[in-house]
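Before any comments, here is the structure.
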Amino acid sequence: MLIQIFTTGGTFDKVYYDALSDFQIGEPMVPALLQEARVQFEYQLESLTKKDSLELTDADRALIQERVSKSAARHILITHGTDTMTTTAAVLQHIKGKVIVLTGAMQPARMRDSDAAFNLGLAVGALQTLPAGVYIAMSGRIFEANQVQKNRAAGYFEPITE
Amino acid sequence: MLIQIFTTGGTFDKVYYDALSDFQIGEPMVPALLQEARVQFEYQLESLTKKDSLELTDADRALIQERVSKSAARHILITHGTDTMTTTAAVLQHIKGKVIVLTGAMQPARMRDSDAAFNLGLAVGALQTLPAGVYIAMSGRIFEANQVQKNRAAGYFEPITE
Amino acid sequence: MLIQIFTTGGTFDKVYYDALSDFQIGEPMVPALLQEARVQFEYQLESLTKKDSLELTDADRALIQERVSKSAARHILITHGTDTMTTTAAVLQHIKGKVIVLTGAMQPARMRDSDAAFNLGLAVGALQTLPAGVYIAMSGRIFEANQVQKNRAAGYFEPITE
Amino acid sequence: MLIQIFTTGGTFDKVYYDALSDFQIGEPMVPALLQEARVQFEYQLESLTKKDSLELTDADRALIQERVSKSAARHILITHGTDTMTTTAAVLQHIKGKVIVLTGAMQPARMRDSDAAFNLGLAVGALQTLPAGVYIAMSGRIFEANQVQKNRAAGYFEPITE
């Protein structure tokens, strides 16, 4: 099984820069986490953007959509900021024959207390067992991407209530 | 979705005791990891044993089998030492109507560099998407429990080669 | 030996707030670090401000000076942002009969890779062995506070070159 | 300032080996910790033994004593198991003109919750400020090495009570 991983930025990859008294998106943490997880599957990783998801543009989403569509892999994992994860998921819905799982983190992977490693495992676990479609793996749950929303105030993902 | 979690010990829960100059199985680390993962599902956790899996007896396995069978939950997650994970999985194969996923860790969850959090996510992700059966979530992969073996020398799980 | 600890904020105590897409100063991390360090001395901790040191005002420094002067303790440890640590140290120079050590961190204590715990130890070690005066403990070294500067570009503290 | 560091093993450097279901002394963690601490002093590190201090022999102590005596450095830091740290310190007492600080850890540096980084800072801080002699930096305190004992039951170092 080959997993194609696309990273787009978000809290997952944030780094603290003392010189700036600020954080910025750093290099993808996925490889380090997969190494700590001692995984035994093959993967390719491509960093598409390094942005907070609130700053993703239509052009960014067009790029994500293009790279996913053109990938030879059936299994696609996308790390993404949580604020507009559902928006990006929506532009991927029309892609056929691929299992696409988006995940992210509420706390940067570089923090001692972070959901990043667990979320990555959550997404990888779902990726291997789900049929083709677009999904979100957050808050310990697997959601069909068009049936979930981020509850910003509460800080977690939940089903869209009718 | 309610997940019933049974912990049996293993590397996952090892603690270093300076007074003993030794590692021993401590309290389950699953609750702490689920809290860091900021999960939003309900679960119940029961600690069945605190043993290295090489030390599990037939009586221990009978207990695990009984508790799993009697659980009202459909979704069962078991943390277990990696050395005899497949042995315990085998005694659970006959249980119908439940999705049972076993996982563990090659490095204790209390270590800075550990696969525990990722593996827990891997198991939780698979648990929500798999049909009834017994599975092992290790080394980044989801295996049918009777089709996998631990490659002790290499330190990972792999399909049983014909 | 009783150590009086005053915290003023800085990178040391930064927390990532997903809702704000930003880092802010959180509760002092010193107690958690001292607990992990399994220390056996008594201390009292008072949080004076929760600011980036670039934002400290004359009023803030007057408060720090007052609290240090009025403390019954001989041993004073101050955690502080690194950018203006020397400025605050300067206003404390006139205080007699106290060993005052300022420290901080280039990476928040809540990060996996942080100098915070080491720096805290560095400061506590120096505090017990130095004569009365004002010192800075950073970059693995103990400096007389009026003989050191922060090399902002390089990201470390060094002696002021003549 | 050049610090000569000698590592002898102990809990500080313990690693968990799944294949052995056991821990063993691994490669010294001091370099990794000094890098995370972003220190700006020069040091040389030599691994003399990789043993639990209960297993150190007279020959081991003779080696430690020889290497310390022959070092050109004035500042010597020794990482050591905590159980017989005072015994090794005793054989170094006759060495003149050097500041020798021994430290160790109650929890391996590779654990998430460890005193190792703080203790290393504690020792480095004291090393720069103390006069020639032999000292132990543990439990947040700096002790003259012949005036301290490890309280095994309580798990910390304390002054020898008269």
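Here the chain labels run A, B, C and D in written order, and each chain numbers its own residues starting at 1.
By our rule, a residue touches a chain if its C-beta (ideal position, glycine included) is under 8 Å from a C-beta of that chain, and two chains touch if they have at least 3 such contacts.
Note that the structure is a prediction, hence the values are computed from the model and not measured.
**Student:** What's the fewest number of moves from subunit A to subunit C, given that each move must go to a chain touching the current one?
**Tutor:** 1
**Student:** Enumerate, in label order, the chains that touch subunit C and subunit D alike.
**Tutor:** Of all the chains present, none is in contact with both subunit C and subunit D.
**Student:** Tell me which chain's centre, taken as the mean of its C-alpha atoms, is farthest from subunit B.
**Tutor:** Result for max centroid distance from subunit B is chain C.
**Student:** Subunit B and subunit A are one sequence twice: same or different residues at the contact, by the over-half rule?
**Tutor:** same
**Student:** Which whole number of Å gives the spacing of the CA centres of subunit A and subunit D?
**Tutor:** Chain centroid spacing, subunit A to subunit D, equals 43 Å.
**Student:** I'd like the Å distance between the centres of subunit A and subunit B, where a centre is the mean of that chain's Cα atoms.
**Tutor:** One centre to the other, that is 25 Å.
**Student:** Just the number, please: Cα centre separation of subunit B and subunit D in whole Å.
**Tutor:** Computed from C-alpha means, the inter-chain centre distance equals 37 Å.
**Student:** Identify all positions of subunit B at which a residue touches two or more other chains, and write them in rising order.
**Tutor:** Those would be 106, 112-113, 155.
**Student:** According to the definition of touch, which chains form touching pairs?
**Tutor:** All touching pairs, sorted by chain label, are A-B, A-C, B-D, C-D.
**Student:** For a test of understanding, state which residues of subunit D touch subunit C in their complex under the given definition.
**Tutor:** 1, 33-34, 36-41, 106-107, 113-115, 117-130, 137, 139-142, 155-158
**Student:** In their shared complex, at which residues does subunit B touch subunit D?
**Tutor:** 11, 14, 16, 18-19, 21-23, 52, 54, 82-83, 106-108, 110-113, 152-153, 155
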